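All remarks here apply to the structure that follows.
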Amino acid sequence: MNSKENLLKLFLDTRKHTEALCKPLQKEDYVVQPIVDVSPPKWHLGHTTWFFEEFLLDGYLADYKRFHSQYAYVFNSYYESIGARVVRTDRGNLSRPSVDEVYEYRAYVTKHMAQLIENHWNEDLIPVLEIGIHHEKQHQELLLTDIKYILGNNPLSPVYGNIEDEVFINNKTPKWLEMPAQIYEVGHSKKEFCYDNEQPRHRIFLEAYQISSELVTCGEWIDFINDGGYANVMLWHTEGWDWVQKNNICAPMYWFQENDQWNQYTLNGITGIDKSSAITHVSYYEAFAFAQWRGMRLPTEFEWEAAQQKFSWGKRWEWTESAYLPYPNYQKPDGALGEYNGKFMVNQKVLRGSSVATPNNHTRSTYRNFFHPNLRWQFTSLRLAQSI
Amino acid sequence: MNSKENLLKLFLDTRKHTEALCKPLQKEDYVVQPIVDVSPPKWHLGHTTWFFEEFLLDGYLADYKRFHSQYAYVFNSYYESIGARVVRTDRGNLSRPSVDEVYEYRAYVTKHMAQLIENHWNEDLIPVLEIGIHHEKQHQELLLTDIKYILGNNPLSPVYGNIEDEVFINNKTPKWLEMPAQIYEVGHSKKEFCYDNEQPRHRIFLEAYQISSELVTCGEWIDFINDGGYANVMLWHTEGWDWVQKNNICAPMYWFQENDQWNQYTLNGITGIDKSSAITHVSYYEAFAFAQWRGMRLPTEFEWEAAQQKFSWGKRWEWTESAYLPYPNYQKPDGALGEYNGKFMVNQKVLRGSSVATPNNHTRSTYRNFFHPNLRWQFTSLRLAQSI
Amino acid sequence: MNSKENLLKLFLDTRKHTEALCKPLQKEDYVVQPIVDVSPPKWHLGHTTWFFEEFLLDGYLADYKRFHSQYAYVFNSYYESIGARVVRTDRGNLSRPSVDEVYEYRAYVTKHMAQLIENHWNEDLIPVLEIGIHHEKQHQELLLTDIKYILGNNPLSPVYGNIEDEVFINNKTPKWLEMPAQIYEVGHSKKEFCYDNEQPRHRIFLEAYQISSELVTCGEWIDFINDGGYANVMLWHTEGWDWVQKNNICAPMYWFQENDQWNQYTLNGITGIDKSSAITHVSYYEAFAFAQWRGMRLPTEFEWEAAQQKFSWGKRWEWTESAYLPYPNYQKPDGALGEYNGKFMVNQKVLRGSSVATPNNHTRSTYRNFFHPNLRWQFTSLRLAQSI
Amino acid sequence: MNSKENLLKLFLDTRKHTEALCKPLQKEDYVVQPIVDVSPPKWHLGHTTWFFEEFLLDGYLADYKRFHSQYAYVFNSYYESIGARVVRTDRGNLSRPSVDEVYEYRAYVTKHMAQLIENHWNEDLIPVLEIGIHHEKQHQELLLTDIKYILGNNPLSPVYGNIEDEVFINNKTPKWLEMPAQIYEVGHSKKEFCYDNEQPRHRIFLEAYQISSELVTCGEWIDFINDGGYANVMLWHTEGWDWVQKNNICAPMYWFQENDQWNQYTLNGITGIDKSSAITHVSYYEAFAFAQWRGMRLPTEFEWEAAQQKFSWGKRWEWTESAYLPYPNYQKPDGALGEYNGKFMVNQKVLRGSSVATPNNHTRSTYRNFFHPNLRWQFTSLRLAQSI
């Protein structure tokens, strides 16, 4: 599975796919950072490249010469000194290196990585190479949602192109899937690649519950809006309510109303809202309030994982009630990669599933995505649950 | 247990105890609010009184006349209109009502409550009366820690008086208490009073772990400081590290160094640090970083509850790794009291135990306290755990 | 004029008057600081006292012992260390020293100052003593307007008492006073006490202008409101417009509307608006916009000073178009008092006249008051002018 | 002078010059906005074009069709609705329209403007056309300094190219130029183009003063630094001191120290500091503190204008002590252009002269530039004065 040939192919395919995602962009689109949670596409291209340079080429390829002495600084850290000179490096302020230079950087690193894999193969490379590839796949997902944010917040509403299931129609009638009270096993048993935060596989006890077979739809969400859901303080967490008030939230992200009709920006341009499509671009705060309004709740991440074989998923990230915390006996990886996941394990909520922005082979039933509860630029959605 | 006589006595004792806590104060101490998390003592006195007026006297005592038409506004909400006039009511800006008027308000409400209980007894009163009493006990705890903050941040370091075990010396050698992997029951079975968030009692599965018999000491914390714990980014959550940097945190709250000696403000004045005393006034961020430094972790709230009979506790609130979330089948109370606990169940960490500021009869092994991870003005501490 | 006897009497009268202003207060009123521009009355009492201790008693009275070693810190600086301990000393957070202690401090310093003046008289004392007395008179003005803010922003609208001409009725019909183009002399010639910023007397050339004999009235202001003055961007400075938008400004401070009637808080309680009374509690931004609306402008401070003998003034501070800048050949005083005025000479506007809050003998036609253009808790007003 | 032919040539030359300034840029450089005071070059290109479309083509050229219906929104306002859709249009977040599209927009408008001038000439066009041309010249100045900021705050320190006198060496020994006390005339008499804020020409009286024949040098500034000028609170305005503390200011903008040597970023790359060169990129706060340190002061704008024929100027904008205020009898232009200057006349300081970034024919001795006192990305400098 993780043969040299397989990994080389996977590496090269991943590198190509990142660049393919940027094809519809104009150079200017690569540069801007409209909010702090969104990174400029140029930065994604450089940062994923820097990862291979920093953790593989620099240590494993003899005589490797870095493409540019300052790129480790530009594509990694936030505030630092360059020799004696201190400058701001907010990602969205950096016009240089140019897009062309970043693509040259990518080509240079990809070429040397291919040499490393082909000519200097070593089993020690495998774990870091796998992390590097999956790291780039994670950034592919962010890349697409960041592009949507950049274009979707431009008054000219530019079109990127058609993404399959960006509007995800599902006409199935939701059913309650019953789950008995018992011990379940969750987490990854680590035969193939997974992240540290999915391990170790362990036992949990779940009281009986039922979980919906389908995601909440836009039609149901319009009912929530029309019933005053965004104006009813009793449905919201105190922090959620503050967020609604402060930001004048009254609909999912990208929605706007014109002549009493709800419309939305999609990567393919402005379109109406199909009531049978799955709701998306909602925050955890909104997902929670919606569930309260229905007299139900969100599943925990374990309830989701225990039941996931009984329903279809994979088009939307699904908010859960679970906070992002380490599993029993969680081990941070050694060395510099040790800070990969653990340092984010406070004040974030877990999302399960995957989305239309998730690249191939990057979907696992044990995968734990996590975001702050106010964020909604990902393809986030929800599925209802209740205790029984 | 919940006889009319018992409840009347408990009510009157609670009311008296709140006022006894304020005895050492000067009038000026009742008024200020140095940070948003701390309320002026005057507000605690009024708010706990308003609770009885709003939820009991107003509905159950015929012909009851409110003490003052504006007090519901002053002692409850944040921003609102008084008739046509809109004014700011940040708690720390309100010089009126005066301290004397607030005590008159208390006496008036206490007197009418006693009449209600003695002369108009009705079993319907019990649950609300219990909540009201326990609500006031919760505020007693906050009252004492808020007073400590108000006096401890005054350059004159005023003395409040001696509080038993404010400096909590414990010379026992810590032992590891072993807990096997199995299903445990946690939560309150609701024979006596408890809060909604402690219910329902339910099953959880815990993998094997061990938990320390003792709290971390100030001596261990000084070792952490001397070993550069506050300067080592690898030990901290990203958010914790930002908090350390932004606020120049380098020691527990109330600590300061003079001539290479660590000292602290206590309610009894400035004193040196006894290395054998339990650490206190640390944030969750600090507790987590300390545990990382020791190569261990904090227990979850369930690990704590499952093991609590094996160690002594009750002098310090103990941070756990658990986020504050609803239990399976958690039910919000009906009506206005429904927002008592549930609306805070996001972005907070659970603390277990109780502290020297906790009033009598307000300690339960199932009690779930919760605060944001940066707060440390409570008597917070930690106990180490590890998976085995 | 500045004999020992006169100055002793002036000193003692000034000290008494400050305390007389506080008579209607309850202890709690002395403590709070609702906005940063308002100081707690307790701080005014202590700060004016510290000034005499710091600049006179400490240097001129042999064997003088300071009342308290920390008061120089409490009543002077903002952030500093007390020995090794660093605490926040935002003025509104300091419950101690208590009001009683501050009055003891005042009595102690007043007594020693009287001894210094009576028994150790020395002409060197005169300039500093004069500054100290006038410094306290300045604080009397602030004291009264700060008290108005503290009480006027309390939902209980407490009454302080009647202040003559707080509502200033003036039924005279405004006339244009004509002033020819010529050289005028402005500034103080320093025969009696004045501040550094009023000196030196110097020549200016004014082009011909006319200035109104009367202040703008509340009736005219209501016309401005009704004509959409607060909603017409063309009337405002860009910064003024931002201030209006951000703070939802739609009327002068202390005004509120009830049943289509305009009312206001005064130190004597809530009252209706008399249309013939002079407008007050408006910012420079509002004064400017009003003048634009009328097709006129504010006078410069020199136009005001050149014409002031032709109209009556002294009930309201009057905004001018002038920025607060040094006069030609302005000299900063030597030593620690050098920073008295000059360091504020940027981004502030000059006000001329005086107000109902100005103490006796503190009014001069050359007096230059100054505030940031958004402030309106002083008794500010305006008089129109135009070039001809 | 303002013949059709002259104006057409001036118009076309101005349009070309703007584009010539952008020649050294890469597309990415056109897009970013590192601080709010700096605009993306793309925005300058579009905004100056929109001005001609909005105020000339739309009204005077029959059948003119706007290039794009949304560009008036993109290149003018800040927050507004596009039909029903509300999006953020912070200038630095707009990747579209692309640079190519903006150049097409420029070509389209330039072509139609040429048609308007050539084929539909009308004397009514003159004043608006003049404003439009001078408006674009003002933006040329900003364009170059904004480009310097964008490149100079990039960790790669990209080179733009050589700008004559960007480092301005002047080895002349400064002399005091004496000016007698008398009435002077200042302001523009409006025979040729000038801005509203330079008018009307009027009389002022100046007390006797002397003004330096030369700008302060970098060598003098290094003396100021070495003498602790940035650490001596007595030299600064209170607001200036806060600015220094908050932003850790310890040298002019673009300066940095390496191995005890001062260096700077210039548009031509990193270079050492020549002590005989004129100081530049300092704020008014710094200029004031420097003058205080020398026991002198800045000239007022009138002192500058009265003396300007006696010294050479034109390489640096010079801070004056004057606040930006209207002249006696100042008239706002009618209509939409009325808000051109007057709305900024509060809380800004006047600068006189011009700079190496000022385009040809845009320099006048009566020209009044103005900025907030903290800004220093322009080529700002200072000349000392003193009263005598």
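Labels for the chains are A, B, C and D, by order of writing; each one numbers its residues from 1.
We adopt the following convention: a residue touches a chain if its C-beta (ideal position, glycine included) is under 8 Å from a C-beta of that chain, and two chains touch if they have at least 3 such contacts.
Nothing here was measured: the structure is a model prediction, and the numbers come from that model.
Novice: When every step has to jump to a touching chain, what is the lowest number of steps that links chain A to chain C?
Specialist: Minimum number of steps from chain A to chain C: 2.
Novice: Mind listing the chains that sit against chain A and also against chain D?
Specialist: none
Novice: If we define chain centres by averaging CA atoms, which chain lands farthest from chain A? Would you check?
Specialist: Chain centre farthest from chain A's centre: C.
Novice: What whole-Å value do you get for the distance between chain B and chain D if each is reduced to the mean of its CA atoms?
Specialist: Chain centres of chain B and chain D, defined by C-alpha means, are spaced 57 Å apart.
Novice: So the centre of each chain is just the mean of its C-alpha atoms; given that, what is the distance between chain B and chain C in Å?
Specialist: Centre-to-centre distance between chain B and chain C: 44 Å.
Novice: Distance from the CA centroid of chain A to that of chain B, rounded to the nearest Å?
Specialist: Between these chains, centre-to-centre, one finds 37 Å.
Novice: Among all residues of chain B, which ones touch two or more of the remaining chains?
Specialist: Where chain B is concerned, no single residue meets two or more other chains.
Novice: Given the complex with chain C, which residues does chain B contribute to the contact?
Specialist: Per the touch definition, chain B meets chain C at residues 26-34, 42, 70, 73-74, 82-90, 92-99, 150-158, 256-259, 263.
Novice: In their complex, what parts of chain B are in touch with chain A?
Specialist: Residues in contact with chain A: 181, 183, 202-207, 209, 234, 236-241, 284-285, 288, 297, 321-323, 325-326, 328-329, 338-339, 343-347, 349, 373, 387.
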